Structure formats: C-alpha cells, structure tokens
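Labels run A, B, C and D following the written order; every chain starts at residue 1.
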Amino acid sequence: MIIVMKVGASQAQVEHVTQKIEALGFKSHVIEGEERCVIGAIGHEKKKADLLALNSVPGVEAVIPISKPYKLASKELRKKPSIIKIHKNLSIGGDKIIIMAGPCSVESEEQILRTALAVKKAGGHMIRGGAFKPRTSPYSFQGLAEAGLKLLDKARQATGLPVVTEVMSQRDVELVERYADVVQVGARNIQNFSLLKELGKIKKPILLKRGMATTIQEWLMSAEYILSEGNPQVILCERGIRTFETATRNTLDLNAVPILKKESHLPIVVDPSHATGIRDIVIPMALAAVACGSDGIMLEIHPNPDQAWSDGMQSLTLEMFAEGMQQLRAVAKAVGRTL
Amino acid sequence: MIIVMKVGASQAQVEHVTQKIEALGFKSHVIEGEERCVIGAIGHEKKKADLLALNSVPGVEAVIPISKPYKLASKELRKKPSIIKIHKNLSIGGDKIIIMAGPCSVESEEQILRTALAVKKAGGHMIRGGAFKPRTSPYSFQGLAEAGLKLLDKARQATGLPVVTEVMSQRDVELVERYADVVQVGARNIQNFSLLKELGKIKKPILLKRGMATTIQEWLMSAEYILSEGNPQVILCERGIRTFETATRNTLDLNAVPILKKESHLPIVVDPSHATGIRDIVIPMALAAVACGSDGIMLEIHPNPDQAWSDGMQSLTLEMFAEGMQQLRAVAKAVGRTL
Amino acid sequence: MIIVMKVGASQAQVEHVTQKIEALGFKSHVIEGEERCVIGAIGHEKKKADLLALNSVPGVEAVIPISKPYKLASKELRKKPSIIKIHKNLSIGGDKIIIMAGPCSVESEEQILRTALAVKKAGGHMIRGGAFKPRTSPYSFQGLAEAGLKLLDKARQATGLPVVTEVMSQRDVELVERYADVVQVGARNIQNFSLLKELGKIKKPILLKRGMATTIQEWLMSAEYILSEGNPQVILCERGIRTFETATRNTLDLNAVPILKKESHLPIVVDPSHATGIRDIVIPMALAAVACGSDGIMLEIHPNPDQAWSDGMQSLTLEMFAEGMQQLRAVAKAVGRTL
Amino acid sequence: MIIVMKVGASQAQVEHVTQKIEALGFKSHVIEGEERCVIGAIGHEKKKADLLALNSVPGVEAVIPISKPYKLASKELRKKPSIIKIHKNLSIGGDKIIIMAGPCSVESEEQILRTALAVKKAGGHMIRGGAFKPRTSPYSFQGLAEAGLKLLDKARQATGLPVVTEVMSQRDVELVERYADVVQVGARNIQNFSLLKELGKIKKPILLKRGMATTIQEWLMSAEYILSEGNPQVILCERGIRTFETATRNTLDLNAVPILKKESHLPIVVDPSHATGIRDIVIPMALAAVACGSDGIMLEIHPNPDQAWSDGMQSLTLEMFAEGMQQLRAVAKAVGRTL
C-alpha cells in the first residue's frame, strides 16, 4: 500500500499515520517529495485491507493498493495456462478451441435432440441449454427445471457430447451437478457469493459468466471465491457488458480476452449471442473472439428461432451454425489453433 | 406492440407478419406510411412477449413494446402511494421521512449498542447493520452471521428502534426474517430471482436495493418478482449506479427518485453512503435526496470509522450524524415534510 | 510518481528504471516490499508526464501519478471560493444562488421578451437562450445566429438581466462575446481545445458545461485550458452524464457538486433540464441541486413548450417556473443561502 | 412517428392529439388497443421532428420515432458499399484491408522517416501521425503544427505512402487539407458541428473517429453533417468507448463493425491502439477487428516507444508491427480478404 499525504500535511499528521501503519503490523517507509510526502506500508498481503481505513485519517489524500486482490486466479501464482478437463476426451485451455452450442431454453425433446445432433454434425463439442432461466420478468417462461435437465441428458446420450447448463440457486446445486458436465453461473449471479462458495465445493468445472457491470478485477475475485473453496476448475465467459450503446443488447468487451490471458491462467470463452442480441452479427463476433485468443465460443442456436420461447432474436438457425463452423475453423487455423 | 416493417418490405412479408400476429391470438392493424408500413398488434398483455420473436421475421425492422412490463409495481394499477408499516408506530411512504442509520457491519455489542443509542438520541428511526456481508473478496470479513443478528436484537431492545439487515442467501431467509423488521436485498442480488421469489412469501417488508447496472425498469421488474409472490411490502433503495466516473464509488442517480414517484406507488429510500463512498459528501447528498422527494435515508455511521471492519471511508462519525440530522430536518420542512 | 515493479522483477530491471528516472531529472527512492518493489520518483511536477512512458519498460507493472494534473483550478492553489462578477450587481460563488432561465433556442422577439419578463418577475437573475444550437442532426433547426443574439440584447434591455448564451465555434467568439454577459461552452465542446484556448483570452466569464462522458478530473483540466490562457472567470455547469439508464435523457451527477467544492474554488451551476429531459422532474432535481451546494441553477422555460422549436419536452411553462422559484427559495434558506 | 397515449387517456385528449398531428401536415391514424390507444402520424420525414413536442401534451405517454434520422449515411439510400479513393492506387471499402500506421505525434524528421520506411517495408498502406494533438492537459505537448505537417510530407515523398493526420480547428482546415491525403476528426470533435460542416466542403476523404460516449446512431448523424454539405468521402473509425471498465484505456466496441456494415455503406476502420491503451493487446485486437469485417486498421507504432512524447504505452515497436502484419495477413485471408 502507498499512502499519499495531502499537500501541506503536517509533520504530526505524517507521524500519526506511520504509527497507525506500524500498529497494524506493517513497516512504514516515508518518501519526502517536493510537494508532498508519500508513505509505503510493507508487510503481509492478507492484512492490507486494514490499511484502506487510513483514507479517512487527517492529512491523508489517498490510499493506493499495489498488490492485486486475487491470488489463486492470478498468473503470479501459476504461470502456465490451466487446462480443464470437461469430459474423457475433451479439455479446454489448450490449442483446441471448444464450441458450445444449443438453445437458450430447453423446450422439448424434439427441439433439443434435433439441435444436439446438428451441433455434433457440424463439429461442435458441447451442448448448451437452459433448464433454469433467469428472466427479468416474473411473467416470462422460467425453464422446464428438472424435466429440462433430463432432456439434456437424453441429448448427451444421443450424441456423446457433454452438456453445460445454468444453476440459479444454492438449493439446486446438487441437482444440476448431477446432470451437467459443466455448471454455468449466469451474469446475474456473478456476485451471488453464497452460490459461488457452494460451487467451490463441487467436483464439476464451473463456467463463470461476467456480470453486466463487473470489472475484470471483480470477475477474477468471483472466480477466487470458487477457487478458494477448493474447486480449481473455473472457466471464464465474456458475454458483454452494459454501456450507453443501445444498438446492441450489450457491448462485447473483447479487450477482456487478451487482458485475461495476461492476468490469469484460467481459460476464457466468449458468448457472442448474449453480447450482441442480433443474429446477423453473432458469427462475425465469434470470429473476432477466436482471432483475439478465446479458448471457446458459446452460441445460441435453434431449429426454428422465430418460435423460440426465449431469445429467438439472437439464435442462429442450424444452417447458419453449420456455415459459421467453417469460418471459425479457418480463423482458428490462421491464429495457429484447431477447432 | 408495434411492428415496424423495413423500407421496401414486400406485400407478402407484411401479410406473413399479420398472419403470425393473428396466429398468436392478437388482432393486427396495418398503417401504410409514406416510406414504410407499421403494424399494431392488439390483444392480451400477458402474451405480448411472444410477439418479440417477430423481430427476426423477414421484412421486420423492429418490434416496439408499448405497455410497461411491470404491473403490480406500477401506478397504472395503484394511483396512491403505498404506505408500508415497519413497526407499530412507524410507517414509510407518507409525509414523514424515515432515517435508517448504523454501521456497515455489526462488529461487537459495544459498537452496535453505542451506535444504536446515538441513532435514537439524534432522532433517527431505524437501525441498520450487516450480519451477512457481500464482499468482493473471499478474504475480506464476511460478517458475524447469526451472532450479528443477535446483537442487532439487543440494540433493538435497548432503543425500541426497528432493525433493517441484509439477507444474502435463500437458505438464510427464515433466520433473517426472525430477527429483522425489514429484510434488505443488496445490490448484488437484485436479479437473484430465486431469492426474490422466496422473499415474496414472507411477511416482513423488503428493502430492495438497486443493482449497479440495473435500469429503473428492471428494478421495478425485480420488485414485481416479490409483489407477484404475494408480499406487497416493497421499499426501493437507490444506492448509486456504476458509470465511468471514478471520483466517487458510484454515481448517485437521484433522477430515479422523482421518476419512481411518477411510475410507481412504492416508497423510495436513498443510501448516500454507498452511492458516494466519501464521508464528507454523504450529508450534502442526503439533503439532496430529501429535497427531491425521497421517503427515507439510509446512512452508515460508526463510533470510530477509522477502525471499522468495512466501509470506514464512507461512515459518518456519530457527531457528524447528529449534526446532519439537524440539516435534514430543515430541508424536510422546506419541502413540506417532517422527519 | 510511484513506479510499481512486477512480482519477481530482477535487480537489473529495478536499476534500469532508477537510471531512467534519474536521467529524466528526478530523484529515485526504492522501497523493497515483501512481494515486490516500488520506486518513488521525486522532482518537478511539470515534467512528471515523461515518467508515464516507464509503463512499458520491462519489469514495470504500473506507473501511478500522485499529484493532481490541474493546478489553477485546484483548491491546493486557492483555498477560498472564487466569486465571479457577472454584472454590476450580480456575482456567483457567494451565498446567493443564481437562477438562469430562458428558452432552449431564441425563436422570436415575442417569445424571448415574454420569457425574459417572466424570469424577472419570478425573481430570476439571468436570461439564457441559444442563438447557435449544436444539434445531433444536420436537418434540425440550428439557431438564429446573430439575429438571435440581437433578440437576447433586446431582452436584456427590457429587463436589466444579464444574458448567457453558447458559442460553438472559434470563429464566432468575438461575435458572441460582444452580446453575451457570460459565454457558454456546450457539453459537446468540452474538449474542443482550440475553442477553450480562444476563450481563455477574452474578458467575459465562461460557463463550462461538463461533457457527456467527461470525468470530473478531465472537466477541471478543460477549465485549466481557459484559466492557463489568462481568463480566471470559469463557472462549471453539471448537466448530466451518459450512462446505461434510458428512463431519463442523462443521469444527473449531483455527487459532482460537493466533490467540486472539495477539489476546486470555481463556482458550480446545475442544469436539471438537460440532465433529465423530462419537464415534471426538473424542479425536484433543481431543489436537490440547491440542497447539495450548487451556486446556481440553469433552467429551460418557454411560454408554450408544446410549440418550442427544440427541447420542448424538458421546458417548464412560465407558471411552473414561477412556482418552482418559491420552492427553490425555501430550500436555499434551509441550507443557509439566499436566492 | 407513433404516439402512445396513456392508459385512461380521454377521448378528448386523443382528439386533441390527432388535431395537432393534422395541423402539422400529417395524416393521423388511431389504433384502439385493449389497454390504451396509439396514434400513427403519416407524412413527410423532414418535418417529423416537430411531432416530438407532442410528448408534453396531456394524455400522451410517449412519442416513438420509426424512421432512422440519418439518410445519406444509410443503406436504405445506397445499398452497395462505398469505395473511397485515397490515392491513385489506393482505395478503402473493397476487399483489400488498409493498414495505417505511424507515431501518435510527429516528433522529428528522423523519427517520422524511420517509422514511415518501416511501415512501407512491412507492407502497410498509409502513414498516420499527429501534428495537432488534442491533449487533456494544457501542459502536455500539443504537437509541432505546420512543422509536423511538413515532416509528414517528407515521409510521404520518401515512401510514396499517403498520409492521414488530424485537424482540430476550423481555422486549420485549409492548412491540413493541403498536406493530408485523408483528414482525421478526433474523438473529442465528433460533435464539433462547425468543424464537420467545414469538412463537408473540402475535397479530401475524412476519417471520422467515434467519440467516447457517442452512440452508433449519433456517429452516423455526425457523418451526415459532412455528407450533407457535399463531401461523400467519409471513413468511420471505431476507437473504443468509455465504460466502467478501467483495466483498459477504453472498451473497444467491435460489435459496431458488423452493425455498421448492416446500417451504412461507409467503410469502417478500427484503431486498437487507443481502444486498449496497452501495447501487448493491440495486435490481438487488430486481428479481431479484421475477423469481424473491418476495412482498415490504424496502429500507433514508434521506433522507441519508451521515449515517445505521447502515448508510448500503447505504441508498438517497429518489430512488433512487422510481425503483426504477418498475422493480420493470415486472418485477412481466412475471412476472404487481402491485405
């Protein structure tokens, strides 16, 4: 921590601050500048949060943290990328880019099977589909719940492809864990810390979607909640942030992809369907995600998007998906990866 | 719903859309403009979400909702302000402005009792204090849990003032309901729909804090989750939104106060402590909140903010609080209210 | 400046950085922490920007500025509030709150005279009105230009009230200066540095509106452009920032008012008309602005808002204005000021 | 325009609105819904802005525009992409992706010549470099002005590559036009309408950078200012928007690329240097921009970024640039384009 004193802070104020720093068990180190004085506090990281309260001590202008608040998610701890095993023959975080596709909501056996077979045929690697749906309105379709999970299981059996699906509530963790190969945390639960802690205790990989107003640092802190409870299998998923722009549903923050590659060893997936909300631009943004280093792509696809029970506007048709897969393959190859 | 067709959409496309509208059980109504054609869909509100999928039908430019998605929270349903009873002699939503004050976290019996007595002495109406704390970092203090709730109960008994405290998890709803007079939902849980539904089934009033990236409309939709499960006692709390500005912890959106007064019958409280993050500007912003129509103010105060276990920077001293109460009284009077 | 080295930076890297710091004419000061090392650079403020380039030197994690980049606008330089003389008997920045009211655009002699007389009658202090209008669309009404300035002059003569009006272009500075008592810079020109420098050379006070995405620090830097060219008469005007919220035209950032009072000696005015875009909530937000310390309020009013050539939706009627003035007076008194 | 009446609006209010619509020269068309009534206003586009004032008429809930406010920039007017000629053998908007590279500021003959030759050698197509620099602080280096333009001219002569450089002021338009092949409008001048109109009268192509808080629609309206004055050669440049995220200088909004391809015929360039502010992630984001359909890339490069007079942190070295060109070529090919 660096404590910046005000211009004109008195000697007594500086001493008061150094005493406080030392009372908290840190060493203090004063630098006299031409205009003002700054004080370094040296000591154990875990207790550094205590120093933040110095902000309100007379004579103090600002308290500036130097260390990153996340540890287990950080590259400072683990330099090599984490490769997370999803299924016997499928991992994420290595050279191979993983494509997860499926409907927003599981609606019927016919719908999910038809979609799953199309995913397999086009060369996709995982099936996505929601059985518990977080909807802004209490009057919207909320998902088929366990019946939906059973349909996902049928789709898995029919194709051999693993399944990723969302859990919305602590109470459903055990249930969803039983059916899912990867358990998804939705954007709205990014700081539902009770849920995150619970997921830190299970054995399945977690796909952690960024919240609409979550900074990259906060996102890694949410990952840290899961990691620090003992589950090292966290996959991050960028799905767009909320900005002033209204031409798209969200603003896809692809900067986050190479930034996370610098800061963290965790794999990163991009969801261009939610990040755009507009079917026609989903594939271009998926291509961009692959080009800048994403380890996976999550896509909403539907056999008949005009009749989807949710998110029809942003769902690709099965044909668009198959064609998009060709383009994704070409861009993956151009950046030295496979798909 | 209004369906706007593209410039140059064909007659066949227009007919296709009207057929879809009618198949969904609505009447359609075509207006031919000079440049393009728009189609009104008339029918029952509840099914209107189905029409949104028309967005992806060929020839359609946009689908524009006309009705508001919230009903029970809306002034269209209930014109008079809701007055919510908190305690035998205390209600919110009428002429009297309610002041809720206390520490961010309950830390010790001495701390909470000393603070509670100061709240009472200065004329405050309720005690706030966190026993379950949503913290960005898993390494930060997470609250005293039930022990904290018991200390809040002691503070209530010592002062006769009712207590508002946060619940973070579905599993703790029963526990928190037992101790709290008003149950708070924090900003991070604004779209934790499982929790909201659970709170719709209890008998205590709910203080629903706005999320950092929640629009006013989404906030009312989250209130609707509680209301539609049968609990009509929802109090809204503006606590700042996330913007590009970094000089303050959040941006206090006071526009929301008169907007909510126009749109909803629910009472509204403002929390200038979290909305600013800076002790010196908390009282000015509390005065502003009263001036523009807030029904209550929630303040963080602490006997010794420099040693608070959380949020010390934004906590008022007990002396600042007592002095602020005088100013709040003057402004309340100036706008025709009491405190 | 504080230069934070990476965890694991080598001794050679630390030395390379200290050499660079010293080559730039600063003294360096190394603090060895438990995890990493930080280096203070001590020396003359003006050259500190040069140190920012260290950010890209091997081993450097971050370069953190300690000093504020604005000087003349800062309270570190001038502790007492600046009181700016607008007219022989009118100043801003003292106890008296200044009300500036008038139409968005000057439309006709009848309109501006009728409005100006209403401002005077209700106790307002200045007339506002646009002769050059920055409009998003090239097809919208762009203002009456010099003819509009002449009408403003008639309104001034008829009422004795001074006039504030916007300049949009360097080329019109001389013209607008001739007619205006206070020259306004609109939000869209907040970083039109050529215009700001020009206005630093004139003798009239400048009302500098915050841009839609301008931080408080950048806003003060734009003020610094004017101040550093020799014109000390800068009045800041908060008019709302752009956020994700769409229920209002902009989000009024009233936090900025007490923050600016802490950071700067310049007077601050609030414009709730542009900050809300909705007539019904303009007066509540004006009251809030007075309550939190604003030195002035700028309001759009119109004799017949439904027929205004621009911004009718947010303009008050003359009756609403007169009534609002009563309420403003009461709140001003409650916070110890006059109006 | 669609005028939405309030629930419970009286018949008299509906009639009053239809009369106003017709008085403005439009035909009105009333649709009675189950809950409320909406009114279509049919007529000439140019006068539609007049209808917005109906928003404040009693009984009206909202006025919703149907048509897009931009015409000349729109695909509704011109379906085929505009191909803009920059130089005798160089155009933008076709299959070939155009790379513009150079230093943030022109600093010296040695610097600009060395950089320009590196651009040419690596296969770049244009030289960028600032002679007039918009700087947040009045105390930062403001550019070499005409001396800088002369150095750019030398670089052009030495390489045969055309030059893009910024104009900040109406007064300098003639000067910059003389030296530049493409005239750049910076983000801060996106709504400097006086400057835009002036640039609508010149014969050189304009590179129009998006502002930090400019919506895609407003950006196209600013293009419309130039187009409507008679200069059809507008190139759009996405350079990042301002959001809550602080890990990067701005948030690159690549969604804008395919959205603009749907909405407009104008070519689009992406500047990942300003959009990220971090050297290490510039090339990944340039690859992403090419993958999603950008027609050009603008890059800051410098022979010695650690000693750059501005923006060193985000400048690529000449070696990084040459290597990045190889990668860009591969991705361009993967999406069926050349470079």
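Just a few scattered comments:
Everything that follows uses one rule, which is that contacts are C-beta pairs under 8 Å (C-beta built on N, C-alpha and C of every residue); 3 or more make two chains touch, one makes a residue touch a chain.
Only a predicted model underlies this, so the values are computations on that prediction, with no experimental measurement involved.
Of all chains, C has its CA centroid at the greatest distance from the CA centroid of chain A. Counting C-beta pairs in contact, the pair that comes out ahead of the other among A-B and A-C is A-B. The distance from the centre of chain A to the centre of chain C, with each centre set as the mean of the Cα atoms, comes to 38 Å. Here the CA centre of chain A is 30 Å from the CA centre of chain D. Here the spacing of chain A and chain B, counted between their Cα centres, is 26 Å. For chain A, residues touching at least two other chains, in rising order: 213, 242-244, 246. Considering their complex, residues 213, 215-217, 241, 243-248, 251-259, 262, 275-276, 278, 280-281, 284-285, 287-293, 327, 330-331, 333-335 of chain C touch chain B. Taken in their complex, chain B has these residues touching chain A: 20, 46, 49, 52-57, 69-70, 134-140, 168-172, 188-189, 191-195, 197, 211-213, 218, 221, 224-225, 228-229, 242, 279, 305-308, 312-313. Considering their complex, residues 2, 4, 7-8, 29, 31-36, 38, 40, 42-45, 64, 66-67, 76, 242-244, 246 of chain A touch chain C.
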